[in-house]
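The next block holds one structure in the form of structure tokens; read it before the comments.
Going by the order they are written in, the chains are A, B, C, D and E; count residues from 1 in each one.
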Amino acid sequence: MQIGTVVGTVVATQKHDKINGAKLLLVQLEHPDGSARGVPLLAIDSVGSGVGERVLVVIEGRAAGDALGRKAAPVDAAIVGIIDSVNVHEP
Amino acid sequence: MQIGTVVGTVVATQKHDKINGAKLLLVQLEHPDGSARGVPLLAIDSVGSGVGERVLVVIEGRAAGDALGRKAAPVDAAIVGIIDSVNVHEP
Amino acid sequence: MQIGTVVGTVVATQKHDKINGAKLLLVQLEHPDGSARGVPLLAIDSVGSGVGERVLVVIEGRAAGDALGRKAAPVDAAIVGIIDSVNVHEP
Amino acid sequence: MQIGTVVGTVVATQKHDKINGAKLLLVQLEHPDGSARGVPLLAIDSVGSGVGERVLVVIEGRAAGDALGRKAAPVDAAIVGIIDSVNVHEP
Amino acid sequence: MQIGTVVGTVVATQKHDKINGAKLLLVQLEHPDGSARGVPLLAIDSVGSGVGERVLVVIEGRAAGDALGRKAAPVDAAIVGIIDSVNVHEP
């Protein structure tokens, strides 16, 4: 899984039936220290997260479909947790 | 999922039976601000999208096959929505 | 899916039972304009393609296994079409 | 699979039901010689590993869900072994 | 699939039950000409390969589990063939 922060939303009225009603959030992936990395991606929300929250993201189709709780949903990323803390143990 | 714009089409007369009739579109992935990133990829259309439209792309086999609505279709990317707006909340 | 050209073949006498008889082709991935990108990969042929042909490649296990038409085949890339034309619509 | 070392933990009280109770560890991937590479990722522990241990990581949804032993769990990476030794045979 | 050479072994006494007994090999991926590329990865052997042999590697969970012949095995890469020759047809 990856760490990220919800930074936006996407509206798509015309979409595949199986993702109707799903909340599409734009997530900026981050290093454990909170700095951004890479390009923001779109993830389906499964835990009631919103803009500004630090979240746990799964990036893989089966896992994302499972998060949405719909069989055969065409999704490949999902938010599956809201992160309280990241603890890095320095060696 | 990823954000992209349909930039072209691909014609392949001789193809696997399970993807006969599927519409193959060339999609340029983009940053949320609309600038291009990476190499265009080929995706199966599942929502009636066309050249010039900004779309929602899933990149993963199971998800793409689900989008096409055919079991065991050999596809790995699909267009699953037409994007109305991308809203980035600046911190 | 990706665009590529078949650039070679690989012979592997000793291989997993489930891929016996499969044709292994070396594919150079390409940009839409035909220029090479990245490292050539090995794909199972499912459409009777050969060296020099421009092809449509799926890169994902389930999809590739489906292309081969064998359940539980340990493959992760397959050629699923022979490309006639790639049409890029300049904005 | 990949080689890595557990470098931290993540706490997420609010998470998807299917991953409740799962231990989330932050893993730094490594070269065989132990030097770090890339960004630390989050993996579900399936073998009782902890901070400082060198581990075997699978990065893929089906495999990670299998490691957790729960069907339809939205996870994409898991620790599946504790490494005793890595032996590189120089040519 | 990818081309690589087996360059080492990994010992992990404490591992997930479903991969007990599996042979873990360290594989250096290669360009068709045999030069190394990227970081060595760990793959499950399914064809009796050993250090120094040039092999065919699948990198994907379902395919790797299929190679091992165990349902629900948490693996994501497997050696599925021993390569006799790679033939690149220069244009």
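Here is the rule we use: contacts are C-beta pairs under 8 Å (C-beta built on N, C-alpha and C of every residue); 3 or more make two chains touch, one makes a residue touch a chain.
Model, not experiment: these values are computed from the prediction.
Common neighbours of subunit D and subunit E under the contact rule above are absent.
The minimal number of chain-to-chain contact steps leading from subunit B to subunit D is 2. Fitting subunit B to subunit C on CA positions gives a rotation angle of 70°, reported to the nearest 5.
A straight line joining the Cα centres of subunit C and subunit E is 19 Å long. For the pair subunit B and subunit E, the distance between mean C-alpha positions equals 31 Å. Counting partner chains per residue, subunit D shows two or more touched chains at residues 60-62, 64. Taking subunit A first and subunit B second, the full cyclic order of the chains is A, B, C, E, D.
Residues 7-16, 18-19, 24, 26, 39-44, 51-52, 60-62, 64-65, 72-77 of subunit D are the ones touching subunit A in the complex. Residues 1-3, 31-32, 37, 46-48, 56, 58-64, 66-67, 78, 80-89, 91 of subunit E are the ones touching subunit C in the complex.
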